[in-house]
Amino acid sequence: MRDTTDILRLESLQVHFPIQGGLFDRALGRPAGAVRAVDGIDLNLTRGEIVALVGESGSGKTTVGRVIAKLAQPTGGKLLFEGRDITSERGSSALRPYRHRVQMIFQDAYQALNPRHTIFDIVGEPLRSLRLVDNATQLAERVGEALASAGLSPPGDFFSRFPNELSGGQRQRVVIAGALAVKPELIIADEPVSMLDVSIRAQILQVLVDLRSKHNMALLFITHDLPLAWSIADRIAVLYLGKLVEIGSADEITFNPRHPYTAALRNATPQIGGNANPAELRALQGEVPSAARVPKGCRFHPRCPLAFDRCRQDEPPSVEVGPQHMSACWLAQ
Amino acid sequence: MINTSKRSAALLEVDGLSVTYGLMGASSRAIENVSFALGAGEAVGLVGESGSGKTTTAMAIAGLLSPNARVSSGEVRYRGNVLPIDDDAAMRPHRWSETSVVFQGAMNALNPVHRIITQIAEPCMLKLGMPRGEASARARELLELVGIPADRGTAYPHELSGGMRQRVMIAMALACRPSIVIGDEPTTALDVITQAQILKLLGKLRSQLRLALILITHDLSVVAEACDRVLIMYSGRIVEEGTVAEIFAQPKHPYTRLLIDSIPNPANGKKMIRPIPGDPPNLMNRPSSGCAFHPRCPSVMAVCPTEVPSIDQFGQERVACHLYRSSQEDRGASHA
Amino acid sequence: MNGGGTSRHIGRILIRAIVTLLMVAILNFILFRVIPGDPAKLLLGGGRVSATAEQIEAQRQNWGLDRPLLPDQLVDYLSATVRGDLGYSFKFRGRHVADLILERLPATIVLVAVAQLIAIVVGVMLGMYAGWRRGGALDNGGTVASLLLFSTPSFWVGMILVVVFSTKFGWLPGYGAYSPGGTISSIDSILDHLRHLALPVTALALGLIGQYVLVARAAMSDVVTEDYMVTARAKGLTNRQMLMRHAFRNAMLPVVTLIALNLGYAVAGAITVEAVFAWPGIGGLTVEALNARDYPVLQGVFLLLGASIVVSNMTADLAYGLLDPRVR
Amino acid sequence: MSESTTRYSPLGPARAVKGFLQQLLSHGGAKVGLVCLVFFLGVAVMPNVLVGPLQTAVNATGDFLAPPSSQHLLGTDEVGRDVLNLVVHGARISLTIALLATLISLFVGTSIGMIAGYYGGSVDVWLMRLADFFFVMPSFVLALVITPVVLEVMGRGGDILGFRPSLFVILVVIGMTSWAFVARIVRSQTLSLKERTFIDRARVVGSSNFSIMVRHILPNLVPQIAANGALVVASAIYVETSLSFLGLGDPLQPSWGTLLSLAQRAGAASAGAWWYLGAPGVCVLSVSLSFVLIGNALDDTFNPRRRVIP
Amino acid sequence: GSSCADGIVRIAGVAAPDTMNPFATWSSSWPLYFTYDALVGVDAQRHDDRRGFAKSWSVAKDNLTWTFKIWPSMKWSDGQPATARDAAFTYNYLRESIGRPDELNVGYNNTGGLENIESITALDDETLQIVTKSPTRWPVDNFTLMVPEHIWKDVSYAEARSTFQNKPPLVGTGPMIVSEFQPGQFASLVPNKYFRAGPPATAGMTYRFFNSADPIAQGLKSGDLDYGMSLTVAQWTDLSNEPKIVVGESRVEQRNYLAFNTASGQGKGSTKALQDSAFRDAIGFAIDQKTIVDRAFRGHADPGVGLAMPVAADYYSDLNDIRRGFDLAEAGRRLDAAGYGDTDGDGLREDREGKPFQLQLITGTASGSLEIPTAAIQLIAGWLEQIGIPVTVTQLDSGALNARAAAPADGGGGWDLLVSAGWLGPSAHDLLSLGSAKEIGVHNTSYWKSDKFDALLSEAEVTVDLKKSQELVNQAARLIYTEAPYIMLAYPFLLDAHRKDCFASWGTEDAVSMWGYFPFDRLKPVAAP
């Protein structure tokens, strides 16, 4: 039986990036604006759960991931790990225990690997910096183990290679191996396959899904691809302009979206077969507003085909619309 | 759907095209024996993974091969005339007036120091000899056509969002009223919603202007939405060709089949995803003989590692796989 | 971004320039206070005379040297500097440093301006062409030649020029800015000045040409690999149109920066060449001041150098903004 | 770095170095530069073997400013010393000054640039203003003012690292005044490296700031530092020459710059003694050209963009 | 534009005049000499045909009262009469500043020697009387330049010693008046139409200042210059082959010397050995003046001996009875005997306490003197090395050299050996200044102090009789020679050259005066061929 206690909890998490005001603004004491990248998010992850975070570019997905990985400091709200508030913990030594348990996988595997380090160095780095090994033999053992469980075998073949000697898929596996080496309990995967060729995406996803079944690892899977999210996640959270507009089980979100944005996202995703017909390709109008100028009221209203007066005035709260299914839309109230 | 190549006389015919790149003394074959035809107003998708030769094929058609590329065999015919794709100067009049290209990274493909309206108007002035005023009027028209308010024309590329930049590229591509537009991964860098907008725009323009479209992508589902026909490329060769409906309903080549299988599809409840084993081909692990896909192929046969399958007509489709040779021969025999 | 972005950009550049200039002034002030040697004694004529304690004290009071270094003297110095008062020269006793510098500046400016102008025109043209036709004969030959010029000390070139053109053949004057005496008609005196300019300008310009060729070539060969050049080619533009409409302006970006920076360094770079050619400019003044421990003059020269470089840096930034809309 | 790293990757770096060298040597300019440099290093290492001990006014035998002849291949100077002997002995001093000064300037420049770029904020602002000052003051002019002062303050007897103190002063001053250029390049490079995902990854896997700087950023700066280091050497030679030329060298240990200055003071230019001016000048030129060539080649080798074009 | 065409004499030198105010500077003596006369000065004493402000002079029996006859009806260049009152004004102007905070002690016209003056009065327009407190040759030896009262009477002392520019055109009694002055570039001079011997035959002069002799040599060669001085040996030799150029060399009052820091041991020098006259004397044996002259000066100098240089013919002596010969072995023996042997056998000597030492030699060319050839330094360092005394050399610019050679009390010191040069007048006072306690850190750069020497000096200062004066100088020179705070290296010649194609009457012996305007007052254009 799986342990299903909360491992991570975000409480009205908020990340605002200050906009560097102009000289004259600053001189006149005018408040400079802020990019509201993440604007109050409540989200929880239980052990062994896969939650997908979906949204279009600029919606704040990466920022959420970075906050959880302690790469960005929230400007408001709380980050609770196993019930403990770790929002304000900083410094590499203070964070060591946390880093031991939470790891992150990055979108661009090539960028995430230092081109001048060997695979051995890369995978061994967390073990050394988190002081998880005592000697070289142990280190080699753990590195080998990690590489093998990321599907790179025989591991010895990879030790002395450099990232540029690997294919894209192998690189992404090295990144995963690096995260696995410390045996974390939660992995944040930020678009781990979007840079990869279609033909190898499945391999990587397979590795991630296996982790959950083998080690009961929780996974926050960040993607902009709804079908992909549906195929891997237990729950899907839909992010729009820094706010969660809808969250629910993967099937609910995919087949029974209760927020117009989720519906638009689903419709915009090209699909093979079935109802595939160019004529039906429906696109949302307009561009994503900048996170620096979030519209008043419901932040989706300027692009929403169903928007009415209230949407322009008040921001809809998130309400339960089904079992474990929340939506922030006036229509769903 | 009817085979479009029968519906209209071929606008463009690619015949047995092979291109090699010279790199530091060595030469590598990027595409081999690529043949296909494109009718006026038709949209063809060119699908394959990275390095499979999609861009090389497109650039060869547009006569834009880089200086170290050499056309080792084959030819490209436009409206029945052979294009001098090897000759930079001779290709010049053809470029943009007949074939224009929408590149992937519009940020880099637009000159950062010129206003977008200038860049759109430039081919009108230089190729069509329009006076400046007329050219910029046309540029404004084109901007409106792709859904950008004309007064944004004075903006510089970096001031626009990715989707808008891609639209500017499209507007620029239409400047000289070409009959073929090649889109080299025009939506890959964009997110789903913007991608949908761009694809919709391309579809609209295609029907309005009777443009033939070659859409290069590695995403099968994009092709499914936007094209009539699909060409699947693998390691420099076309392995399968057919209409969208046929290919997705009944993929023939094992690679195509695996490719479609690896895409999750909520529409038919297909959740997981069968990985294609092995690594995509690259210069290092490309098999030296036989079918390039054989190391990863689940239905590999004895003949596969030794013999390159020829691409044969198979019903409405063409496929290059030993699996289908016998049946093709059967068919051929029955025909005879 | 809009107009606000541009003005913000300019504001940032201005602030930065002002801060740097202030920093230069302050470090300048400190540098010349930590140098050993009591300025009061130097004011009294250096080591030549033994001055009494009272005399030294009187000097101190007279020049405000008795007051605390920080902040009084610094504030005095800065406010005087802002007013353009750079103090009095120790060596050219009683003369304003600003006057001395202004007196010598025109000669240096003429020398440097002519050399830069020639170097820019020749160097940038050659470099751009070499980068456009990378691998061509002109590129290979030109690159070797520019590297050679770039690594040659300009004062040495100057000395060799003197040996060849003045000492050996006597074709061109090898020193000074004009012939002694001056009762010649004006056309002649201009010609005379030009003849005197020839060798020092050549010595200065040769090294600069090398540098400009290298940078222009590198910039151009970067530009030709850019995607927008492929676009330009796809549009069916001729080579000439591609070069003139697309490549040139983009390749000018780093070149303009270098030119502006070089203009700032021009005065400093001319010091050794001026020494070789006995050119009556800032360089000569610097060497004289150095030999005479004329700190106020040195301080003034430093301020001038600092200011000219800061200004040229600023110009570079602004020019960059003008040419490249991305940084506005 | 732990021992195991090297144990498991003995081939990796070696292969990388080999590949790099191959690529570098495929560059014609680099070959010329290296050959020239090796030649001068050889000369600097064993001057006595090549031309005998340094000639001084005491043991000089030649005639007064004699033009080149079979006896004195490069002629003689104004006290009758053999110019060939002098330039050969000058190689050691000129090269030592240039290389040590470069090391100092690279060390200071890299540290300051990296710290400024990595930490950003006010650390960056202040360090870069400081760098601006040194950047704004051409190192040659700054050295011109500082050298005599330092010479005066610490010009006491004794040896420092086997050099007369005045030489040491010069090389320290050159090093300390020419780091700003390096610092700027390193900083901008650090800024862009800092944004690379592998730095984020290093943080996520628990590496400290120091270890990120040393293990992740520094190795990636090496190409830039190497390529620009070559330029710094060239400029250090230049500054040393200019300083000596203006009479701030050590007259007993003739560097090439000092020789030029002696030639100038002896009136060689106006007396037509081209060999006396030419020999040290050509040496300065060749060495700095070699470094520039090598730097250029390094730049080309490391800069992937330039490699695209054949 | 050659000089033949416009009749303007073009001359050049390695010089950096800074202001035209002789009370504020030392470095402008060469354009100022052409404009201002000395009362008597060096030239008038050496040459019968050269006179200054005074036509004749005499001293009373008491050797205290001097009477000078000023040229009758002489005029300043602005037409005002130039009389004994102007001379009295000049001297009294200086004298009255003594003891004030802004005493006029910084420039060429300075208060040196005036403290011994009782009174200076103009008896009438043509007669100047100087009464000294004790007998002294100062009234004729001093080379103060006579300035017009009507210009200077309103100049305060504070201004005179610093800010007063004395802007051209100047007003003087010399043959050529400075009409334009560009620091670092040139001074233009025009003939003084009121010159007492009639205006010069030339149309004027241009004097150009350079930092090195290269342009001078080039200018002479190309015909741009008519006269140039401070040439290097190489240039001089090169020019001597030119048919239209006459090269010349003149003995001048410069002494190049090696000084020991005799105040060492007080933290101002590295070893106490320098205080030991035996040590210094021994080193004297290791220095070969003849080789220095031959190799470093290529013969264009006299070997150094005592304080007086050959050009000060009245005082020169070659001291042949006490002269040290060059003998490295002897130097070694003497060092051994004095306790500076090589006790640990490393080839280097140790001091009496057995501590190794290394001498720091500083050198540089003081402003206004002829450059010291580097070869001389190399020779000295080489010889000392050969007798087991390691030497480091630091070359300093003139400003740094001044600061370092200043008295220890004024922050000087910190060196062991100093190779420098001085160029003063040929008077007894100036000759002996090298050892004067009063001049420590100024002219006495070895910081050497000797009561005996000072006694001789003060006696010489109050001696008018030349014979007696010679004797006193001789004694002092012998004293300092044996005590050896200095080793005289050489008395260099000034190397110059002039072209003969545009001007004639250059004279022969001592062709160009370093103390006045001769022969530029009497040059004549060569008639066009």
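Chains here go by letter, A, B, C, D and E, matching the order in which they are written, and residues are numbered from 1 within each.
In the analysis below, a residue touches a chain if its C-beta (ideal position, glycine included) is under 8 Å from a C-beta of that chain, and two chains touch if they have at least 3 such contacts.
Since this is a predicted model, take the numbers as computed values, not measurements.
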Winner on C-beta contact pairs when B-C is weighed against A-B: A-B
Longest centre-to-centre distance from subunit E, chain (CA-based): B
Interchain centroid distance [CA atoms averaged], subunit A/subunit B, Å: 32
Distance from subunit E to subunit C - Cα centre to Cα centre, in angstrom: 39
CA centroid of subunit B to CA centroid of subunit D, Å: 53
Distance from the mean Cα position of subunit E to that of subunit B, given in whole angstrom: 92
Where subunit E touches two or more other chains, by residue: 212, 214-215, 218, 221, 397, 400, 403
Contacts with two or more other chains, residues of subunit C listed in rising order: 36, 162, 166-167, 174, 275-276, 287, 290
Interface hub residues of subunit A, defined as touching at least two other chains: none
Complex contacts: residues of subunit D adjacent to subunit E: 56-60, 64-65, 78-80, 148, 151-152, 155-158, 164-166, 247-252, 262, 264-273
Touch list for subunit D against partner subunit A, complex: 2-5, 7-12, 16, 196-198, 200-209, 211, 215-216, 219-220
Partner subunit E, residues of subunit C touching it in the complex: 36-38, 41, 43-51, 54-55, 58, 88-89, 91-95, 100, 103-104, 162, 166-167, 170, 173-176, 179-181, 183-184, 188, 192, 275-278, 280, 284-285, 287-288, 290-294
Touch list for subunit A against partner subunit D, complex: 66, 69-71, 92-93, 95-96, 99-100, 103-104, 106-108, 111-118, 120-121, 124-126, 128-130, 136, 139-140, 159-162, 175, 178-179, 182
Of subunit D, residues touching subunit C in the complex: 29, 129-130, 132-133, 135-138, 140-141, 144-146, 148-149, 152-153, 234, 238, 241-242, 245-246, 260, 264, 269-272, 274, 277-278, 281, 284-285, 288-289, 291-293, 296, 305-306, 308-310
